[in-house]
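Each of the next two complexes has chain A plus one other chain: chain B in the first, chain C in the second.
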Partner chain A sequence: METQNSKSPTEKTNVLNTIRNSINKVLNLIRNYFSEVPLLGWFIGTLTAVSLEQLVGRLIALSLGLPKIPVLFGFVTILKHPYLIPSTILYMLVIYILPIVSIARLTVPITNWLAGKLLVLPIFISVIIHLGLLYLIMHLWSGISDYRVLMLRFILIAVIATLSLNVVNGYMGEFSCSHPGFMALGAYGASICTVVLFVDDSMFGPALLPPAIGPFMFPIALIVGGCLASVGAFLVAIPSFRTRGDYLAIVSLAFTFIVKSLIENLEIIGGARGLSSQPNWANLPSIFICAVACVWIINNFVRSTLGKALNAVRDDELAANVMTVNTRRTKMTAFLFAAFWAGVAGGLLAHVLRYVNPGTFGIQKLAEVLAMVYFGGLNSIQGSILGAIGFNILSEALRPLAIYKWIIIPSMLILIMIFRPTGLLAFKEFDVKKIISPKQKQKKEVQNVIASN
Partner chain B sequence: MKFFLQNVINAVQWGSFYSLIAIGYSMVYSILMLFNFAHGDIFMVGAYIGFGITTLIIGICAASAIVLPNWLILTLIIIISMFLTSFVGMFVERVAYRPLRAAPRASAAITGLMIGIVFETVILAMLGAKRVSFPALIPAITFNVGGVFITNQKIIIVLVSLGLMFALHQFIKRTKWGMAMRAMSFDFVVVPLMGVSINTMAALTFAIGSALASAAGILYGIAYPVLDPYMGIKYGWMAFVAAILGGRGSVMGAALAGFLLGFIQIFVAMIFPSTLRDLIAFSIIIVILTIRPHGFFGEAYSARLRL
Partner chain C sequence: MSLLLIEKMTHFFGGLRAVHNYDLEINTGQLRGLIGPNGAGKTTIFNLITGIYKPAEGKIFLDDRSIVGLQPHQIASEGIGRTFQNLRLWRHMTVLEHVKMARYSKLTYGLIGAFFGTRKRRKEEAENEEKAYHLLDMLGIRHLADQIVTNLPYGAQRRVEMARALTIDPKILFLDEPTAGMNPEELIEMMEIIRQINKELGLAIFLIEHRMKVVMELCERIQALVFGEVIAEGTPEEIQNNPGVIDAYLGKETVG
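Coming up: the complex of A and B.
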């Protein structure tokens, strides 16, 4: 009896290990096969797929028996009409997977050569070329339906919000609950700027400036919103950075409630009814530019000396203090900086929804942003991007399940937390040069090194 | 003066809800040094379990023509639903906290929040979006004491919650389990070496905290007989604030701060327009925390904290 008992778990683990090993083998094969594809290759492959969808997507969808082009990679279609699963998978294979994979793999010599040429240029030019390609892909992809445009706008805003919270929760290692409050401040700050200055509105009267110059002033409105959020962050930071631990969590939570209650009681800006008639300036290009700026600036921030100091404060505040890091000032700067970007995200969100009310920025919003940060991974830029994209796509894809979606998403997050407590892509460095560099050359260098050894 | 006393009575009633919930937060913190963010939703689930048991018992009584006195029904309901809800608490500990004991504390906070959302959704899916009304168990009798109106419900609520708190105090002070808990909160690294299982103690704390939250839920249902799935968020976070005000990990502090919070809320609503209640109450809390960062009964700790 005893031997059996001791045997069965080992057998179980053996089976599990073999399964894991075989999965790893397959994954390694795939990874090796595509390891030489640079980012440029993936972009060109995706571009082909997306333009293919533009040209013949409708035709293929109809001939496969789908009512229209599957808007969100077919998730919604599958959940609504299970009998369409084969044709949806076929569509995905024909339109997306095959073109992307084949073109990315076949153009390896060309794209690597191109990427090598681009790398010789100043880095910002090659980055701009890559970003241009990325925007082109997004533009073409979202050209199919307005729903895709809206989703992309929400995703990009979520990227900004998630990144800014990651600065506090990941890089600084505190637990801040005040992001909905900052987003509310940013949303209201930016909205009041644009509505008062450029819109004929029943609440604030006629426009003070000609609406034609409005779109050029939109960044300034966003910055005003961000600065307002920073002022709020300053008020949170004064009492809460005296001690460590859960102290920031509670003060920032109270701050969120205070901001919500304050806006509800300020009848001059609409109170609980909310504020509407924001101009429609937060279109895809402007949000894309904001998101890129956010990624760039936050990445530079966390890689700077101040960012390193921030990590030192997180790991051991006492040691950091001994090593001449001004811990209080470091934390303050990072917190205000993060709040600024949260405010920008709020401002953009207000101009996408074109209506804000204080109820938008409650505990639910907090749970959402926190979920995105921890889903993607702490202390990494790409983690936040993945978290924002993954969470939003997941929550849109599961929409047909109605309320049960809020059982599935939290359960998935709990599983992720159990198996990867810091998120999927935690503690990674976002090195732009490494990402856009050609992949073949690297391998040769490695081989050379091995040969010389 | 009469008006003032009337509000004092209301505040004591609210304070007893907050105290019962806040004790659960504080007990978990004292053992595991992290907050159980699902606790507000455990309170909500406890109230719903109480609702289910009440309907069941009343149904059985009506079917079999047994006439039970109301106080017996109430006692039965409180005991049964405390018992059942303690399993909900142990479930939360097992699923969301035990696998993450070695992980950063924030990750456990996320799993707690997420399991709370799952609870809300399950209740919402089971019972629909409509609010359910708690069956009226105790017919309200109003006493007029010198112009101040006291209902028997309020007296029962305050007495039951004070009794539960006293029982908890005795449990922690007198029993062996309570001693183990106190030892664990003193040092959770060395005490497991002395033969006290940290898993058992954590499960026990979650169970006791959830049982108290369930009692709070039933008492809330008696006072305000409308339950909705989001009441956990509303009152749970307030109780969380009370737990912080009382001092992290201090059960006594949490109980007292719960009453203080009740007083703050009721008196702010008495003096100012009620829409300003949250604004002023939370501002007062921030001011208190600025003066006493570690709460009333908490201990100041150094920059080194387990993360």
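Coming up: the complex of A and C.
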């Protein structure tokens, strides 16, 4: 008996270990199998999948017994009608997973060759081609339903907002709670510009400029909104950047409430009733361009030595100061810069909803943006993108669960905070060239090394 | 004309007089030492000169220009590089990023360059990187360039700090206990590096050190500090035989 007792725990751990090992083995196999697929390959695979859905998606969905094409990867369908789980999974397999995986893998030689050829050209051409493909994918995917278009617009705006908050909370290591305030300033600033100038409105009277030139002036309205947010940021920064620590969190939280109640009490811009009749200019392409510009500029900034100074200030402000870094100016610039992009995000949001009221920019908005930043990962561009996409899709997908959604999402956040305290993809460089370059080269080098040995 | 001239510098922490009537004169290429028991005010003197504290009284001139009241980053750009007693590295950054960062004040591409990646920025960043690699070569840590500093052994971290301080093109380098916590092997290497910097770059060096062996071998002139006051100044031999210094370190001989 005794020998058996002493044996069984080790056997148990052995079994567990073998299971873990075999899972790792399989994962590694899959990873190796797809390690040579360049981004171009994934894009072409996805493009095929979305075109397939466009062409035969409806047919397949109906023949599988689904009422319509699953709008959001089948999450909603599964949660509403559990008996449709097998057919939804089958649909996802046929339309998405199989085409993407097989085409990405089969075209490896072609896509690698193509990516290599593109890399010979100036890098921006290659980037533009990739972005074009990405937009095409989004366009085709969202062609199925208006819900998807709206979803994409919200996600891209969330990407801008998350990135801008990441500059302060991640790269600079301060804790700012004023982003809803900045977004409110941006939203109202841009809305007032467009509504006063280009819309016949009961509140502000007839349009001052011909509405035809409006869409071209939309970027300027957004910039005005962003600059207004920067002015707000300046007011927050003056009292709170003299010292480090919790002061900024407190002052910025106060700022959010001040902005909210200020707008509520300004009857001239609608007060608590809000401001409506914004023109519908924030469509998918214009938001996509804004998001790309945001990613590009913020990434440029944080990868330059001037931007890296933020990390130096975060990790050791005194050392940064003694190493010639003007820490006060650095912090100020970054904060105003982040506020600008938050303002742009607010302006876009106002033109998607085509109605804003001060209540939109309260504590819940703050929780949302903070959750996206910490979910995706501090100090990383791809983290913020992942955070914005993941959080939005999750919160839409779990919508049928109603109130339980707000139990599941926070508990996921808690789990992430426990197991990855800085977020899923924290402290990563967003190196565009590395991302779009062909992936097969590495293998050749390895072979050469083996051969030389 | 002296490179660094300090006259009657005094500083208080509350009621405590941390530094009193401190005088110093360093010329180009000199290697000077500052010794003293714990709490004598050595690091405070470094912090006063580099602008982290503002002296209550006294004058500080670098190249005949007063630097009292300037911000630390301004004083650093004027040409004072320093290292810290307890390493103060940026824990999420790589070795190369550390060294590049210290050229912050020499970058002229501005925010436009930072946001849009202009040609001027690419050029300046490339130059910056080249200079950084040059210094890393000199300190023998080029192979560690892409490592995050917290993953490095202690001796290498000290070298990173030294490379970072040298990047700002200092006229004078302040080293706060450069050999603290090093094993004998690393100690000898570090002393060699300090000598090399002094000889090859012709850089004035002012160092705080606890290990008598290091100070006595390296420095031309030494000041001994006790309770914020200089009690002796002279060549290593003079300091070694100075009764006041011996008293301060070993205590007074009592007749028993």
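Side notes on the structure shown:
FYI, the second predicted complex is superposed on the first by the 424 of 453 C-alpha atoms of A that agree within 3 Å, B and C clash if a C-alpha of one lies under 4 Å from a C-alpha of the other, contacts with A are read in each partner's own complex, and residues count from 1 in each chain.
Here is the rule we go by: a contact is a pair of C-beta atoms (placed from the backbone, for glycine too) under 8 Å apart; a residue touches a chain by one contact, two chains touch by 3 or more.
Since the model is a prediction, treat every value here as computed from it, not as a measurement.
When the two complexes are overlaid on their common chain A, residue A:301 makes contact with chain C while staying clear of chain B. With both structures placed on the common chain, the touch criterion links A:395 to neither chain B nor chain C.
Of the two partner chains, neither chain B nor chain C is touched by A:145. Measured by the number of chain A residues touched, the leading partner among chain B and chain C is B. By the touch criterion defined above, A:324 reaches chain C but does not reach chain B. By the touch criterion defined above, A:407 reaches chain B but does not reach chain C. When both complexes are aligned on chain A by C-alpha atoms, chain A residues 316, 318 touch chain B in the first and chain C in the second. Only residues 297, 300-301, 304-309, 311-312, 314-316, 318-327, 333, 379, 427 of chain A touch chain C when the two sit together in their complex. Contacts from chain A toward chain B in the complex involve residues 169, 173, 175, 239, 242-247, 250-251, 253-255, 257-258, 260-262, 264-265, 316-318, 363, 367, 370-371, 374, 378, 403-404, 406-407, 410-411, 413-414, 417-418, 421-422. Contacts from chain C toward chain A in the complex involve residues 50, 52, 71-73, 76-77, 82, 84, 88-93, 97, 100-107, 109-111, 113-117, 121, 125, 128, 164-165, 167-168. Touching chain A in their complex are the following residues of chain B: 35, 95-96, 99-100, 102-111, 113-115, 117-118, 120-122, 124-125, 233, 237, 240-241, 244, 248, 275-279, 282-283, 285-286, 289-290, 293-294, 300-305, 307.
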